[in-house]
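Inspection log for the structure reproduced underneath, given as structure tokens.
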Amino acid sequence: MAASMLVRAVQNTRQTWSNCTRYASLENAQWTLCLPAVSTILPCRTMTTRRRDRLPLPQRLYVPDRTRTDEDRQAEELTPQNMAHIQESYKEEEESLTQARLCPLKDEPWPRHAWTPESRRTGVLATKIGMMPMWTKTGHRLTVTLLQVQDCHVIRYIPVEDSDDPDKKQGMLTLGHRSCSPFYLSEEYLRMFEKAGIPPKRKIAEFKVSMDAAIKPGTPLYAAHFRPGQYVDVYGKTIDKGFQGVMKRHGFKGQPASHGQTKTHRRPGAIGTAGHGRVLPGTKLPGPMGNVVRYTRGLKIWRVNTKHNILYVNGQVPGHNDGWVKVYDSILYKSKHRKRLEDHLGSLPFPTYFEEEEGELEEDLYDDELFRFDDPSIVFETAEGKKK
Amino acid sequence: MAAFGRVLLRSRQNLCLRWSSSTVEAAKPAAAASPDITELTQGQKNKTQRFISPEFIIPRGMKADFPTKNHMERMDMLRRRSVIDIPEFYVGSILSVLTADPYAPGKYQQFVGICIKRGGYGLGATFTLRNIVNGQGIEICYELYNPTIHQVQVLKLQKSVDPHMVYLRDALPEYSTIDFNLEPVQHNPEDPVPILDTKVILKPPPWYWRWERVELQGINREHMRENHLSQKRLDKMDKHRKPWMEFDLMYEYDTTQVEQDVLKDMQYFENAVRRKKETAEKADEEEKT
Amino acid sequence: MRLSLMLLITHGKRQRKLGGGKPQRLNILRRVVTGLVRHERIESTYAQCDEAKFYAERLIDYAKLGNTNAGAMRIADYWITEKDLIPKLFETLAPRFAEHDGRYCRLYRLPVTTQNTRDMAVLEYKGNPYPSLRPIPKNHPNSIANILVEGLRQDYEKKMEIDMKDQPAA
Amino acid sequence: MATSLLRIFHAAFQNVEIRLLQAFGLHPPPGPALAIPGCHHPLQGSQGSDMTEPSGLSSLLGGVFLMAAPKHRQSLERRHKRQRHPDKLIKPKENLFPCPECGSMMQEGFLCINCYQRIKYETDIIRQKIKETETDGLASTAETVVRYADETITESDKSKRVIEMARKKPHWFTKDMYDEHWKTS
Amino acid sequence: MSRLKSLIVPSVRCIVHRRYCSTERVTNALVTEYRNDIFEEEKRRQQGMVRRLEKIEVVHVGPNDPGTFIMNKNLSTPYHCAMHISETYTKYSVLAMVNGEPWDMWRPLTEDCELSFVRFRDKHPEEANKSYWRSCALILGAVMETAFKDTIYVQLARALELPIIKGMFVYDVDLGLKDWTPTNENLRSLSLSAITMKSKDLPFERLEVDPSLALRLFQHNEYKQREVEERVRGGRVTLYRMGKFIDIHDGPMMSKSSLVSMFTVAGIHELPGGLYRVQAISLPHDFYLHSSVWNKLVKRASVPLVGDLSTAGVDESWRETKSSAA
């Protein structure tokens, strides 16, 4: 069977092969010519197409071909010497571009505004790199997640007038995350980065910002954008668990192991009633679990490492290690404790942390309540109020 | 019980043999010994090399092994170690631990016991002490880097032949009864670590785990077989043996690279501390002048 | 399916099953590895070759420790079922790879055809006396693509030379 | 209109008549909806035999295996929909390209079967000759070199075991250059 | 259809002559028709001269598929031999080597010979590369001649032979325009017409003619008439035809236009003499370059090439010595 399949496949491919060579010309025609710069990017379909879990996901533009990369093909073509030259030239370009952005430029920076309660700062894109325990000064154990901000740059700003915000109050800021080789990317995608003058990125995402918090494309964002003691919301895609039963998916109790149970230990039990004679929509049943986008809100930032650009965020964050997440200023308690929040947010760098203005920060910024590992061990005071 | 069984089977001591260029330790020349001292036998311990505590070695096959994360975690561990002295100790050593406790009278608590288990890695590393007080067995699991720990003292440095000594729970009480006023036994750092090779006699079942199925050296197997095991359990014993495991090369864990990274980080930390001191001294001198 | 060693351990995915349970798996692989040591190039199913590759490479690592090493000899004794090959392992293969570190084997997949309907593969030790299975690389320096890129490179080098000359003057 | 109504009434009356006759045992019962392999009709099969006819469903199943059989013929459209669904068709392979060596089609990530066969043939010959040198049946510990008729042996190869080949070296024979590629990787 | 053609062709010829004689405007389309008629006529005449079919023995020497063919003298070409071997030979062969000398794929064989085929992927593809570069220049000429409106009469001046390492091939063209700076879109449309030409899979036909006939053929192009005198080799001149475009060259050329994969017209700039120099770059179908690499090459090819071009040959010789040493 397999053999006949191959034979048929070969026959089919022979036809398509000749077709390919004939049509390759047209493909190449598009490819060779410098097409006009297109500002809109063709929408790609997202990975999941499940009916129940279909949610508006960000556009997935970076689709590498894992089987055999363009770089491999190129390396087969060129001598090692020439290939090395090409790769070096990319590196140099990247460096020169990044350096050019860091030094003062001819064109003037964008106007800066003071923070107002209506302002909304941008978030950052970060990578989840792991979890570890930490302790407060009262000896309470915390579990923190480490989020690293890697080569996060502003790519473009869509002003309020052009954005699709119905209230016309917020603009869009596109951020890129983790520089990568251009071999993996399409020409169309690369053109966006050429405009901003930054090296191409693996992941891009959009953030809504208020008008006064707009940042010039090309500006790097650091972990110091957030400060210890602040609360953030983290947006990520949860780990795909596949098709799961009700006990794992919805935390049902299951049914007893013995006492006359037949094949009903992990099943949901009754799902309908005699009254309406059908299963109501929305009933909790087995199905695909995970692989959906989730917000985890109100996570405290305990510590910020400015050297490696790491945020130490309280608790858990959706997604795998090495997965990307979006980190925002938290919107919780906005109405309840508005006054307190305003005091807090007003002290943050606005619209973001600029290295030249604030000067060099300390390597580690700690929250006041957090135990530092340099400090001596914790001592609890006795009732008499003296230390032992 | 079932939960413990899972932990036991998953623990890396049981499944992953450490390779680290010291796998073939028995016949290896002493000069080529690796820095992994936890795995070396007495005769080959090279004192010129540094001791690396086992929690520095990340377990094999971490989901995503990020060098930055490991570096940050190690830096914190080394910072804590520069404040309190965490000595070299093994499973089988007798330790005395002093911790701050808000609920204890005098706000401090001291406990003495034999270390039966070490677990976790990085900042989350733990060790478990066991003792019998007034005929009641007590085990306390300490977090090694918990800031409430004030002192960890090794009363008697010794090393068990087994990766853990949880079987002491089912052993006669004399093996885990330790006097709280035990005098510390001095150990010459140049001498090899003494091996704890007592064969423990177990109490009659029920047990915490089916010890006849686990190949642990510290259990008196002959006594167990003659006194405690029924014919049914004896028959099942051989069924659970896995003699091929030591030849399945895929389960080996080469830790040489990890050890090198750890040593590099240690060096980095020392340099950073030295530089900080020098700058502080300079600043002081300037102030004086 | 095993993607890499890291992934294997990470997700608790078991090794590829080869039939007959765990001990039998090693027995099958022992036969494949022994055949590989004898012939230096063997043809077998893809699953067996892919699994045996790891063990064949690890075996060389052990053989490099020398035939006076008891641990290495023990491993070699287990993995090589035909004992006349043990001297070959220590005296031929180990010196051949003495200066190298890492991958000692190559694995090629064979296409499924009308004659060969199974998913087969060829496993070989590098440096064997047989004709090479790898296609000769076609990236000749005289090909047009390379000449064009070399032109780029020469321009760049010339520019660098000029820059170097200018710098001391400035 | 009237004729069709008449026809319906006629059929209905016929049905009633047959049912009545069946009730009195004057008409054979209808055939089963399930086909019975190995037996034309339960009653026809037992007519010729002298055995007393067993009654009831259990007797019907005794010694006969019932199989589900289609009651209606499936239309062509239905059948083709099922059999020729796009998911069931063989997908054409997109990763075929001509072998740079011999020009026959090969798949990416696989060896060219045309080139492999001639290399395999040569490998077998070399392997056979190696076997002939090992007269005692034990594997030799020397490295092996193949020398063709138009080749000379280098200095470094003199200490090795030389396999002599009577013919000229084929153009596709390249030595395994593992040293060079090792350095680059 | 043929009747219709027989009616139209003479009339067109009359129109051309009448118009030209009556100093009316000459368009490229009419001139092309005129040249093709002469070319066809001459080709038919030469083929008619082969009175008797004689057989020759052609030995294919190569690493793969050796063999001997019995072919027709003065009729069979290396391309026909390739068709006997396999499809890949017809697809991938650029040139043939007849008794060690480069030979066009469409040039009839004249005697018993040893035949081998050259591809771009071979270890020493120098001859193939050269022929590819000059064939691309010819395609560029064809593009320039057909791309402009009828109001502009394009006269092709000369295709300079540049080494490949220069990263471009050029064609000097007299457009009869002044101060024309083409936009990027213009360049793109030119590239597109080259690509469509490639997709038609046109063979490069070769014809040796008398200089007087060549002069008659190029009578509407003053530059080409001057070139004819330079190109006389042994009393004969070689013409090449691709599709409907006819040019004069020594050759040899590659077999088909489908051997091109990427073709970009990088830039056009005005020379001091009033001519325009068209610069372009191309890549054979066998190769792969990523778009980012290709853009670098196009950028390099768009730099105006001016001044003394006699050094070009020096570069070429340097390149050859280097490759031979390597």
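Chains here go by letter, A, B, C, D and E, matching the order in which they are written, and residues are numbered from 1 within each.
Here is the rule we go by: a contact is a pair of C-beta atoms (placed from the backbone, for glycine too) under 8 Å apart; a residue touches a chain by one contact, two chains touch by 3 or more.
The structure displayed is predicted, hence computed values, not measured ones.
Asks: Quick check on the contact graph: shortest path length from chain C to chain E, in steps?
Replies: Step count on the best path from chain C to chain E: 1.
Asks: Tell me which has more C-beta contacts between its two chains, C-D or B-C.
Replies: So, comparing the two chain pairs, more contacts are at C-D.
Asks: Roughly how far is chain D from chain E, going centre to centre by Cα mean, in whole Å?
Replies: Centre separation, chain D to chain E: 53 Å.
Asks: Report, in whole Å, the distance between the mean C-alpha point of chain B and the mean C-alpha point of chain E.
Replies: Spacing between the chain centres: roughly 80 Å.
Asks: State, to the nearest whole Å, the distance from the C-alpha centre of chain A to the C-alpha centre of chain B.
Replies: 38
Asks: Nearest whole angstrom, what separates the Cα centre of chain A from the Cα centre of chain E?
Replies: The answer is 54 Å.
Asks: By residue number and range, which residues of chain C touch two or more other chains?
Replies: 111, 113, 138, 140-141, 143, 145, 149-150, 152
Asks: So which stretches of chain E touch two or more other chains?
Replies: In chain E, 121, 287-289, 293, 296 touch at least two other chains.
Asks: Among all residues of chain D, which ones touch two or more of the remaining chains?
Replies: 100-101, 109, 172
Asks: So in the complex, which bits of chain A are touching chain C?
Replies: Per the stated touch rule, the residues are 2-4, 6-7, 76-79, 81-82, 85-86, 89.
Asks: Spell out the part of chain B that touches chain C in their complex, as residue ranges.
Replies: Per the stated touch rule, the residues are 16, 23-28, 60-63, 65, 242, 244, 247-250, 252.
Asks: Of all residues in chain C, which touch chain E in the complex?
Replies: 138, 140-145, 147-152, 154-155
Asks: What residues on chain A touch chain B, complex-wise?
Replies: My answer: residues 129-130, 132-135, 139, 141, 146, 148, 305, 308, 310, 320-322, 371-382, 388.
Asks: Along chain B, where are the residues that touch chain A in the complex?
Replies: 63-64, 66, 68-69, 71-73, 76-77, 79-80, 82-84, 100-102, 106-108, 122-124, 143, 145-150
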